[in-house]
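There's a structure below that I have some questions on.
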Amino acid sequence: MTSGRHLNVTVWNENVHEQREASVRSIYPNGMHAPIVEGIRRELGDVDVRVATLDEPEHGLTDALLAATDVLTWWGHAAHDRVSDHVVARVHARVLDGMGIVVLHSGHHSKIFRRLMGTTCDLRWRSDPGGEREVIWTVNPGHPIAAGVPQPIVVPHDEMYGEFFDIPQPDELVFITSFEGGEVFRSGCCFVRGAGRIAYFSPGDQEYPVYHQPEIQRVIANCVRWCASTTSTNDSPARRQANAQRGWFSEGEPPARTH
Amino acid sequence: MTSGRHLNVTVWNENVHEQREASVRSIYPNGMHAPIVEGIRRELGDVDVRVATLDEPEHGLTDALLAATDVLTWWGHAAHDRVSDHVVARVHARVLDGMGIVVLHSGHHSKIFRRLMGTTCDLRWRSDPGGEREVIWTVNPGHPIAAGVPQPIVVPHDEMYGEFFDIPQPDELVFITSFEGGEVFRSGCCFVRGAGRIAYFSPGDQEYPVYHQPEIQRVIANCVRWCASTTSTNDSPARRQANAQRGWFSEGEPPARTH
Amino acid sequence: MTSGRHLNVTVWNENVHEQREASVRSIYPNGMHAPIVEGIRRELGDVDVRVATLDEPEHGLTDALLAATDVLTWWGHAAHDRVSDHVVARVHARVLDGMGIVVLHSGHHSKIFRRLMGTTCDLRWRSDPGGEREVIWTVNPGHPIAAGVPQPIVVPHDEMYGEFFDIPQPDELVFITSFEGGEVFRSGCCFVRGAGRIAYFSPGDQEYPVYHQPEIQRVIANCVRWCASTTSTNDSPARRQANAQRGWFSEGEPPARTH
Amino acid sequence: MTSGRHLNVTVWNENVHEQREASVRSIYPNGMHAPIVEGIRRELGDVDVRVATLDEPEHGLTDALLAATDVLTWWGHAAHDRVSDHVVARVHARVLDGMGIVVLHSGHHSKIFRRLMGTTCDLRWRSDPGGEREVIWTVNPGHPIAAGVPQPIVVPHDEMYGEFFDIPQPDELVFITSFEGGEVFRSGCCFVRGAGRIAYFSPGDQEYPVYHQPEIQRVIANCVRWCASTTSTNDSPARRQANAQRGWFSEGEPPARTH
């Protein structure tokens, strides 16, 4: 399975839990970004994947890097407030201009996701030791982000994320999850904002090896491919300004009316 | 809690299981329509509720009755194919013209719902003796059909309906259900078609006393009220035809252009 | 035509053009808010309408006022950047909690609308002397915000607002406008965010007597009524926190499983 | 510009006007399907395009052909009622199973489109001699069906199609048109039904050379590519039935609960 064109992907990881907690390090010795990168490479083939983390200058998200990125993936949890507002504004503008973004798990509370959604993005959660079984059902079976995954996907142990999840109604809802405790969650959500696409996929936590699971890696890769399937906008602010001054008609005169 | 205006509601019930099966009769001695009517009356106050059933001439759904009905509720299961195509076409036209319809449980496979949806409306199901626990979560907490219900609603015993449910993506998704077996279901779905509103609410089965449960009765009443909250269309076919001949401008001449 | 319950409405007006420009004052001698208030009172009947403006302390939008407001209408243009971020955050939180907001015309670029949308809310525009004819078509003829208006509504002279309008796809699109220059615009858009409802209605400019036009007043009143037709949320953060600690089941123990 | 995989496309044309009317034949000497085929070939590259018409046995739409078709395009007008119900049912089932369909212009009243939509698909129209200018605006500038087209597209002469267009709210609205007479129309609409995608694109009439216009050909090709961008469903009826009997879990036993 390959995408139709070469893609440049940037995998962003807060990379804090991995430094601090031995339990996380034992599951993700090379960082949570490692299996995410591995899955994207395996599933998408013709792709360049770079990694950027919180501690780099500008969190690794320079103007140059973003300009050269087709799709950015985002994992954060413990340090959302340490992400600079300036970088958030830059990512936000780039998404509206057409870059895709795949927001993962606790990224629901990141500054960038909340800014794109316009809501609190709060949810119900429970983190019992050992986690609980998550069952992920496809509710849009022809959607590209569900390509090649079983119905349902079962994650043996995950943290519970439950409704009400305070997001705008997704433009396309693809996955709904149930947890052993009886909760449900809209776990695969697609949004369009400006010329950009946003996918949110909730499974995955620093305490469980969810990102090593091949079906989960496949969905993330599918999200990357879907987020890249936009086109260059035909309506940039620059074009709009020109049009506002001279009218949209190209010859300076509106076409004649026939009656 | 009362609605803002007087409503005329018709509760349609296939009324077949109640005749045939003692187990159903013991739960619904006066027919499944009885507790549905009772709940609508209790919750909505200023309302006239009539009952119509399959065995009546024209299934009780005459032109005159439909013309006088603001909202129709629909329960069917064993005899979908005995509903006349002519009556289905009549109900369909009336919905597009502005009558609301609340489709309940196994009504997902009724001719009228499939015609309105344009899809198979197939779903996954399992009917174990005794049923299983259904937990109904609100995912749109300000929506009128969730008014006054707890988060979540728990139905102790119900038949499992699971995804993939082959419907168009709802215009508004209000409830998502989980079952003990781990399945999920979009159990409260709102659609607009023409000038009419359609609500689908899945809990309820002839084998369990679901329609006696006050929260379930409340949701059904909320659905009726929501389906009635439309307005007379400002764009009827009659108006359209007139406009096609003379243009939409009222004085026979288009307004002058300013440039 | 009356709403089903008593409503408290706050009409917010920047009220800057009216102070500065004689041309605006001649059209709106008592401020643009005056005909907006008049229309809401005439159409909704059982309603309390208060006015708040930019120059008041806290722009007139105190916590107490917002807590007592069912629906806020918003007109701003020349001084979006003078609205305090603190007040914007307060209005934003109140909308997500269930207060409705009706954003008018140039309010598309207000801080509150941009924050709720998560996009730039940029659009194409042209302001020729004298304006041009705007024709407003209903594309959802049963929708409450189109109640009682002709198909189409004609505004003889208005400022052109054209696509691409950088907003999320509306949850419900009700009006589309054409202008004499050939542009189109999604002029009546409905959104749900959190437990709150948002209506955007574009006709209306300080240079033209659009807000004196009865059909326009009616649509604004319809928007107010629609934005008020939510219910108290059944899923507040306070409830969520409690649930996170003890599980959603009310008796402290999950219901028994049947198999 | 090429699609990511080889596509099999069937272009269906009623092909009645071309036989009957010299005026149509002079514009489309090889049938309206000829420029549609030409545009798809030019834009998509790696594609097999076949033509099928009303007068062929089974209208050319055999089970074998449909099974081998990724995307079907549909043009009809004068003879909708001559299309057999049996063939319509076959196409309908194939769309829900994942075949794309691109419905063009007067195809809005075809049996297949009305069945998929569930509504009347009526619209306002006017056909003046010579037609009138149609201006097509992109309202979703990153959408694949708007790839590579100008903002706006201008069609010098076309038949007027205006709102209210009685369709379900599109899952994605991409183009809105204005006409010289002041009407507007949702001219580029995307729907998902089952595992299939449906695009409706309104420009084009037998009386005008619209299908020879390169931008229009490009949009149709874009629609074909978008409709093909689904995946094999992971939830077929066959799988569902199996699951209903044994539960969705693969080992015959549900995973143990952790609490």
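Letters are used for the chains, namely A, B, C and D, taken in the order the chains are written, and counting of residues starts over at 1 for each.
Rule of thumb we're sticking to: a residue touches a chain if its C-beta (ideal position, glycine included) is under 8 Å from a C-beta of that chain, and two chains touch if they have at least 3 such contacts.
Just so it is clear, the model here is predicted, and its values are computed rather than measured.
**Q** Using the stated contact rule, I'd like to know whether A-D or A-C comes out ahead in C-beta pair count.
**A** Of A-D and A-C, more C-beta pairs in contact link A-D.
**Q** With over half of the numbers shared counting as same, classify the chain B/chain C interface as same or different.
**A** Result for this pair: same.
**Q** Of the other chains, whose C-alpha centre is the longest way from the centre of chain A?
**A** Farthest chain from chain A, going by C-alpha centroids: B.
**Q** How big is the gap, in whole Å, between where the Cα atoms of chain A centre and where those of chain B centre?
**A** Roughly 36 Å separates the two chain centres.
**Q** Report the inter-centroid distance (CA atoms only) between chain A and chain C in whole Å.
**A** Averaging C-alpha atoms per chain gives centres 30 Å apart.
**Q** Residues of chain C that touch two or more other chains: which are they?
**A** Each of 133, 135, 138, 140-141, 151-152, 162-164, 169, 171-172, 180, 182-183, 192, 194, 235, 243, 248-249 in chain C touches at least two other chains.
**Q** Would you tell me which residues of chain B are touching chain A in their complex?
**A** Contacts found on chain B: 133, 135, 137-141, 151-152, 162-165, 169, 172-173, 176-180, 182-184, 186.
**Q** Residue numbers of chain B touching chain D in their complex, please.
**A** 96, 115-120, 122, 124-126, 162-164, 166, 168-169, 171, 181-183, 191-194, 235, 237, 240, 243-244, 247-249, 254
**Q** Could you list, by residue number, the parts of chain A that touch chain D in their complex?
**A** 2-5, 98, 128, 130-133, 135, 138, 140-144, 146-152, 154, 156-157, 171-172, 180-181, 192, 194-197, 229-235, 239, 243, 248-249, 255, 257-259
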